């Protein structure tokens, strides 16, 4: 078995397409963003990637059918000034080799479809819930840094301090080094501990202005409120029980 | 050395065969079921798989001879309306790559022998001993879900919640995606902490009705009773010692 | 780089040679035995194995020169009724793949040199220092079990209970399955926690009778006594300090 | 994707060049030394190594641009009696296979450029801050040991006791075994827990005498003093807080 199998269902003809990546990562910011983009702009799946670098696992879906762990490529045509290819999936590569191979294969396919620019989407963990998530950036070329700064994206040396790990880093890094592509990464601030639609919303706001498209965010807003309600309730319960414990402890001292 | 070596001892001619998998997993439900099937229906080994994806180990058998860790394929001919190929073995692949490669190679061989359908057998852990083990299912196609439901198999979204991991998932997942095969997985409820013939019995009851064959389960019943007796004794001892400790603790307070 | 590089320094002409393995393992029993054999019978190194399955490391030797981690093959000619090939080394393969590949490559070379029989040497851990180390065995064929039993070797089902792990198991397992070779493993009882010449001595006593050769064990005897003296002193100190602690604790209660 | 991609930007013509390695390791002694050498002698980058054996990661640089994890080769021409090739990088190979492959590929390229001698630089951890860091050595041939001893380098059997792990060991080990090269390793004593310019300075002092070149060490001296100041302050704070705790504990007893 080839370690990466790319099943191309359709070869789309695309106009100067941009590759956009949103695989699972910190706060699922990238994945939420990319999936929302596909849903809102009517993306069409044209390729499936099955790989022994991914977990050996199938999911059980609505109705009892299975779905093997995979990555998928969608195209979005005629919705923006430039066409889009969007990479989403269930998992990133399980190890360094897998991360490199999967990114490389996606770039290879993207190049065949005319891609010269790559945008990767991800989260940027600050360890606590941000008041209003900022969007951090990193780019392949100084002129792109300047360009993207205009949209309020923050560029800071050594931020994130550990660099950008995984597909969000490699797709622009390998894209630049081996495929002569340009690109940048947008990272939405997130606590990173649970699925975080707020981070995704901020990333999408920036992205929509960069791509000059309209993206309705009401779904993500609703999802965010739902998650916040749950989080709030949980925190309330925890505070309550802490107070209870406090009272008991006080009682113990008296 | 090739990482997977398939030694075919005999090329059986089979009538529209079904591939059935029962490798080690939760509660050894799949392995117990598949081995029982082979024993009861007189399966004949026709292929051995030796692989550097399996543990680097030999077992010492009755009489002091060795047996290298392996997977084996048996065929069962003329016992059911359709012939069967049964995959059993000492171990699953040690890592993701191994899981994919071994499943792929088995599917390749199965396809050569005319297999178009795959049934995988496994356990489904609920963390405690089930009253009466239920049988959960997952299938490649909605029509198979409907078909199998008739036999009392439970199909539930996201059950098991982590999906189906290992060969039981991959053989139907890769079978569908890369070989155009249909298939389903039967998972017997099990505590999952020890060898569990009860889970295997429920799986085999469903399987025998699906395949329209008679399978004598008295061996497994005997084995189950033996294990339950041991478990019962152990639990008795533990309860006793807990009571002892409790008494001591009470004594300590007085 | 090829993952296994076999540098053959000399192609010996050997009479019906037997391959004997003694790589590092439990109590270093196999390694001690094989190296003693080479030393006593004047083995000559004819091949070196360098491999990326071995640790990425060089040792610093007497005089400050380096030695890369390796496995080595020696031949012993004209000292026994049959010639011998002895495999020794600094390390076994680091993972399952490496274990299989290295064993396979050694068997391939052995076959080229006419080897049809393999003897592997190892330790058998019982968790405590054995009174008089017994020698356990496992063989590829029942007739070999019968043959070797005559030399006092103990053959017991499922002993060792986890099977034989690593090169000592694979060289006879793969030898039988893929190269049509016969073989057996001799395992000297050992505490397994430190280098154990006593286990090696028992293995060598059995081996010398099987091969019908004389092996002087006085070196190993001396080494064993030295180690026992150190162990004894350490144990003495520990018992002493335990007694001290006991006294202190009593003092504390008073 | 090839697991090691060597992008050669320029093929320098070099006079009997020596390969010098300084990749990240204990106390960053090797990396600091090699980078200082490049800076001081005006090294020119001629090759970049991108590899799936390295971490799947990009760094964010000054100005917000990215840099993929890589190893790099510089040449230094006409500054010493012999020309130099210097290997530096962000990381060593992530596993044994990667360590071997990366070292092998560098040696292959070095051989093409006429390299017959290799010097590797590293740290030698003694677990505490050394008064005056000594420089330990290990070499491929006894005559090199004698030669290098003259420069005050200490050669001691089994020092470092675990041997030399990683590129510093493999480049001379594989260089000798597979490429017929000579070489030695210089290891500066270091606590090994933080970046240690003092160790690098001692290594560079020895190296400059061996290569008969002048190397200005004032930058490293300044860096060392800065680190020492920070360390000193931290230790001061810790001692202070320990004293505080001590006082509190005394208070508790009164």
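Letters A, B, C and D name the chains as they come in the text, with residue numbers starting at 1 for each one.
The rule is short, and it goes like this: a residue touches a chain if its C-beta (ideal position, glycine included) is under 8 Å from a C-beta of that chain, and two chains touch if they have at least 3 such contacts.
A quick note: this is a predicted structure, and the numbers were derived from the prediction, not measured.
J.: Report back the single chain whose CA centre is most distant from the CA centre of chain C.
T.: That would be chain A.
J.: Using Cα averages as centroids, what's the distance between chain B and chain D in whole Å?
T.: Comparing mean C-alpha positions, chain D is 52 Å from chain B.
J.: Could you put a whole-Å number on the gap between the CA centroids of chain A and chain B?
T.: 37
J.: So which stretches of chain B touch two or more other chains?
T.: none
J.: Which of the chains are touching one another, listed as pairs?
T.: Pairs satisfying the touch definition: A-B, A-D, B-C, C-D.
J.: List the residues on chain C that touch chain D in their complex, please.
T.: 1, 3, 5, 7, 48, 50-69, 94
J.: What residues on chain B touch chain A, complex-wise?
T.: 93, 96-97, 99-101, 103-105, 137-142, 145, 155-160, 162-166, 169-170, 172-174, 176-178, 185
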